[in-house]
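The chains carry the letters A, B, C, D, E and F, assigned in the order they are written, with residues numbered from 1 in each.
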Amino acid sequence: MTQHASKLVIVTEKVLLKKIAKIIDEAGATGYTVVEAGGKGSRNVRSSGRPTVSDTYSNVKFEVLTPSREMAVKISDAVAAQFFDDYSGIAYLCDVMEVLHAHQF
Amino acid sequence: MDFLSDFLMRFLAQLQSPTLGFLIGGVVAASLGSRLAIPDAAYKFIVFMLLIKVGLTGGQEIRNANLVEMLLPAVFAVAMGILIVFIGRHTLCKLPNVKVEDGIATAGLFGAVSGSTFAAGLTLLEGQGIPYEAWTAALYPFMDIPALVTAIVLASIYTSNQRHKYFSKEEALSKQLVTAGDYPSDQSITAHGYPKSDLADRKVRIWPIVKESLQGSALSALLLGIALGLLTQPESVYESFFDPLFRGLLSVLMLVMGMEAAARLGELRKVAQWYTVYAVVAPLVHGLIAFGLGMIAHYLTGFSLGGVVVLAVIAASSSDISGPPTLRAGIPSANPSAYIGASTAIGTPVAIALGIPLYIAIAQALGG
Amino acid sequence: MDFLSDFLMRFLAQLQSPTLGFLIGGVVAASLGSRLAIPDAAYKFIVFMLLIKVGLTGGQEIRNANLVEMLLPAVFAVAMGILIVFIGRHTLCKLPNVKVEDGIATAGLFGAVSGSTFAAGLTLLEGQGIPYEAWTAALYPFMDIPALVTAIVLASIYTSNQRHKYFSKEEALSKQLVTAGDYPSDQSITAHGYPKSDLADRKVRIWPIVKESLQGSALSALLLGIALGLLTQPESVYESFFDPLFRGLLSVLMLVMGMEAAARLGELRKVAQWYTVYAVVAPLVHGLIAFGLGMIAHYLTGFSLGGVVVLAVIAASSSDISGPPTLRAGIPSANPSAYIGASTAIGTPVAIALGIPLYIAIAQALGG
Amino acid sequence: MTQHASKLVIVTEKVLLKKIAKIIDEAGATGYTVVEAGGKGSRNVRSSGRPTVSDTYSNVKFEVLTPSREMAVKISDAVAAQFFDDYSGIAYLCDVMEVLHAHQF
Amino acid sequence: MDFLSDFLMRFLAQLQSPTLGFLIGGVVAASLGSRLAIPDAAYKFIVFMLLIKVGLTGGQEIRNANLVEMLLPAVFAVAMGILIVFIGRHTLCKLPNVKVEDGIATAGLFGAVSGSTFAAGLTLLEGQGIPYEAWTAALYPFMDIPALVTAIVLASIYTSNQRHKYFSKEEALSKQLVTAGDYPSDQSITAHGYPKSDLADRKVRIWPIVKESLQGSALSALLLGIALGLLTQPESVYESFFDPLFRGLLSVLMLVMGMEAAARLGELRKVAQWYTVYAVVAPLVHGLIAFGLGMIAHYLTGFSLGGVVVLAVIAASSSDISGPPTLRAGIPSANPSAYIGASTAIGTPVAIALGIPLYIAIAQALGG
Amino acid sequence: MTQHASKLVIVTEKVLLKKIAKIIDEAGATGYTVVEAGGKGSRNVRSSGRPTVSDTYSNVKFEVLTPSREMAVKISDAVAAQFFDDYSGIAYLCDVMEVLHAHQF
């Protein structure tokens, strides 16, 4: 009745917002959710000239529910291949026990 | 000697102007650890207000301007934008510990134009009562875009040369590995080392870079202002709103720039020392070359001395808003800490606090 | 013929006013893919400033106004608000591919009032030197609230009629299913099809809708301004702050509205074409009807021609700030892309760029 | 010493913020966390007239830790029944391994 | 009697000033459930603008001021800051249901200074045409910092005394428990009861508290303004920007303060009733004591009556921006709902709406 | 090829942002991600004098991927010991199935 799923989480630089959204769309995911995030990692590259004194949230965090692990890995691989050489970013996979209600999944 | 003491006097006097005062105040406050912060929304709105105002002024002026007069300065602006990148390519990039891509990107940013430095220049000129052609606002994109395009093209040429070398080596290597059954380990969890063969032989297309620049928030606001100034009758809002708020908003922006400069200094320390040297010297040199070109226009077409100063300021400035994202997309392998740090932490303060007073002093020495 | 050429002349002249210039500039910029953006906080603050200013002006004026004079325009405002929804109910909703709830909600939004269109109307009136009663600001809620209430009530009546039909069918059906041991599958993961029997026979209570409207940020700001204008002595801040900033902030808001119109066009394309037709025609028709009613007040009680234009502008405008959330809560089954798209992408630009100049031209033709 | 829990995630339109908070409260959850989120799904209904050009985060994401799966499903069902016919939204359930520290759980 | 009726007349008149009008308007709007909201970014920017303007005025004035004249008021400001906390320690903290830490923190907040109340005081003084020394802006930190420092020191002394008692008991207890094999259960999931032995004997260091205050956004902005006013020539931006916007921005801020007061009332209801009593009485009493001290300076060094009012207003005000975070870090065990609620919901409205008119009335009675 | 990890989530008051970031750094985590959050719990202490009418997001939510459960618990214990007596806050642990791509983990 409810459905098991994988949740792919990608945290990366804000400038990549649209490009990553496109990759997710094209991979056939039914949707994604994105929030502004700050963070620290091993790189901490900042891609925008916007003042750090006023803009503390320079990352975005994507969460994508995918029906299969494969689709998540596919998205993650595409993102990493295109961007993680040059941009800050991390991608990981969580388990979603059940998708309880969705308009399309 | 006289010129020098004159310059120093003027320089000290200008430090007391609100424009420079707020810049220095911001540096000091941030260095002392102040938690003062101008909200991001306010910062963005201020930048919008300044650029649209500068555009409106320019657009209203272009209506009455002689287009032929504008030609030579525009050509010089384009020339400067390209020249600055080539200068950087053959100086900064050759220095020890400077990665070539990083150096090119830095030169591109110093070739591009900063709206806030530009606005500061206009305000300081007005403070000294030196007249200039308001249509000089329209010179901004003529230097900005060629600089960014040149940098991205140069970097791309460099990268594809490099890749060419790398791939010829790699190919041989990977054949060996595969036969040895050895899978390259960096394919695993670390994000590096993805094959990019599809990118190796890409051509740099110029139009997307130009479009990217024009669509950026800074150039959009400026061009919108120019268009509205040219095609509509904005006098009522200009006089009651955009103009009177200009100086005040600029002073707040200078405060942000100052705080930002102090905050970015740390970032700059992580990259080669040579960036610091470049960031101090380049704005002054670029401004002086542009001043020289401007003087040619002064003698040939009567370009005002104030206009010459504006051209010098545009050249001395380094982009802070639209440049970085364009470069980040165009030269993704360059380290933004290097170029943004060099520009924001040192280039911009030097251009505003040393460059502008210097060019004004020269203009006054020549003019009076 | 003379009137038409006169109108066209005025119309072209008004396109050069900053109000319309910025609106069109916004449309063009967004269509060209500009990444220019006014921060959300700035947008909200500007709307607040405009509405509180309009309120303050109105409140100060009401102090000296003859309350009897205000009666007839207020009655007409209420009448228009209700009438517009009924017009929509019997035209738009009857068109092919238009869902009835969507049509009613759209009509409700077009009946409701837009603070920014309103402010643009006042500014353009002042630009032409046409006097009007400043208390007309107080007419806003008299049209806004009845329109929203009427729409929600009509939609609710429609929905409960529908549900009645549906439930009688459904009941029979579900009995069959249960006996067949078949559990309705849309109860599972998809979010649709939840039983809503508790809602089926609800009564529409009007006071919560009125309260919701009055508590919304737009009407709150306007009413607060009116109250402060009426009860305190706000002259010092009015003259040094709210009034001088008004035109400038309005021009920025027009820019946002223009960009938004362009951005929403795509959304509108997904719904029936008839929304486009309605969104072009309705503002003009509503404005003309209101103009006619206003003329009655003009002849009966001496309501000024400027005031008549204001009434027409209020009628022509469609709500952009407080209307949508109220309708979303009141008619949840209506598709917001339809009504917000119709209003923002077409209705508002038409009302501002065609409607206001038209009503002003008529007033000038009648007046002079 | 520490406690297993379920985490219910609900992503939906911003206009529903207060109403959903109320449902969560009434279901007896000890609390919730909410962030502004953007996103794309199958519906992409926008409920506010606020300019999209300035307001890119028109969703909210709720996270509710519940001691039992039942409470989470109860909240999710109530939210879906009341709103998901008419509003955009998704609800799913994750596993929380341990609640390490909480003032009340 | 005459004074009282005079005061009431003035008081009613001042309620019509925009400053108080917007404050009351905010209270009313929020109480009626309005969803009006000033965006956070606008709020922060307004506060910045007000404080930098007050600082600029002060700094420009200090240039010409006689430093000796400033000495006595500064000493009195320090004295008041400390005194207010001791008064609170021996009144509020002794009341039933008032936790000692909470009471000390509340007294600290009431000793500290509110930039917005301060700005409101200056505006109302100017509205009455009463002259004052603009350098009084510089008194702000002289009262603010000592109050916060004193509160944190007193709380720390109290806490370490308490801990001392607690630990002597605890030690004995825990030995028993361990022998009984009984592990304290609150170590598990609940977050309370962690051993804090390392904190038990800490010394309060004063410099970090002072630094924390000075680096806060409010004091930073004020001091930056003073420095720029003192060391640069900010007249051009001051007159075209900071000064004309002052009253208007203040009125918007008053609206926020009013809404906030209404919103926080509920929070205050959860703590002891005595906070309400304290929050009503304390601002008036503090202001009157400071008024008395100010009069000493008036007679001894010619401190103006307007200056005396300013001193009283500073004393009557309770901090709203920088105070709470400093206290939260300095006295973490105090309940912020108690002190922020008392200050924001009652203290500030009382200081502005009752205190300021009262001190002005007294000054006028004494002066005229 | 990919790596299992724990995800520690800490939701607490915004004033603690820097102090908690420091604890995470010192514990040896490779990074963290932080977002602004609103929320309700058992305490609902508000630590800042900033107007609630304008600032509705007064919490921060940290997410820290750690290679081992121990490191997560260590961070969580340090945070709780130092702050949860006096400040609002909750800390819990989730499972991350795989860290797919990271610059350092």
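Following the convention adopted for this analysis, a contact is a pair of C-beta atoms (placed from the backbone, for glycine too) under 8 Å apart; a residue touches a chain by one contact, two chains touch by 3 or more.
Only a predicted model underlies this, so the values are computations on that prediction, with no experimental measurement involved.
Distances between chain centres, each the mean of the C-alpha atoms, put C farthest from chain F.
Ranked by distance of CA centroids from chain D, the top chain is B.
At the interface between chain A and chain D, under half of the residue numbers appear on both sides, which makes the contact a different-residue one. One inter-chain figure worth recording: chain B and chain D are separated by 44 Å, centre to centre, where each centre is the mean of the chain's CA atoms. Of all residues in chain A, those that touch two or more other chains are 2, 35-36, 80, 84, 89, 94-95, 99-105. Among the residues of chain C, those touching two or more other chains are numbered 37-42, 191-192, 245.
For chain E in complex with chain F, the residues that touch the partner chain are 30, 37-40, 42-43, 191-196, 256-257, 259-260, 263-264, 267, 319-325, 328-329, 332-333, 335-337, 340, 343-344. In the complex of the two chains, the chain B residues touching chain C come out as 39-42, 44-45, 48, 211, 214-217, 220-221, 224, 227-228, 231-234, 236-238, 240-242, 245. Against chain B, in their complex, chain C makes its touches with residues 15-18, 20-22, 25, 28-29, 32-42, 127, 244-245, 247-249, 251, 255.
Remark: chain F residues 15, 45-55, 80-81, 83-87, 89 touch chain E in the complex.
Across the interface of their complex, chain D is touched by residues 6, 8, 11, 35-43, 57, 59, 61, 72-73, 76-77, 79-80, 84, 88-95 of chain F.
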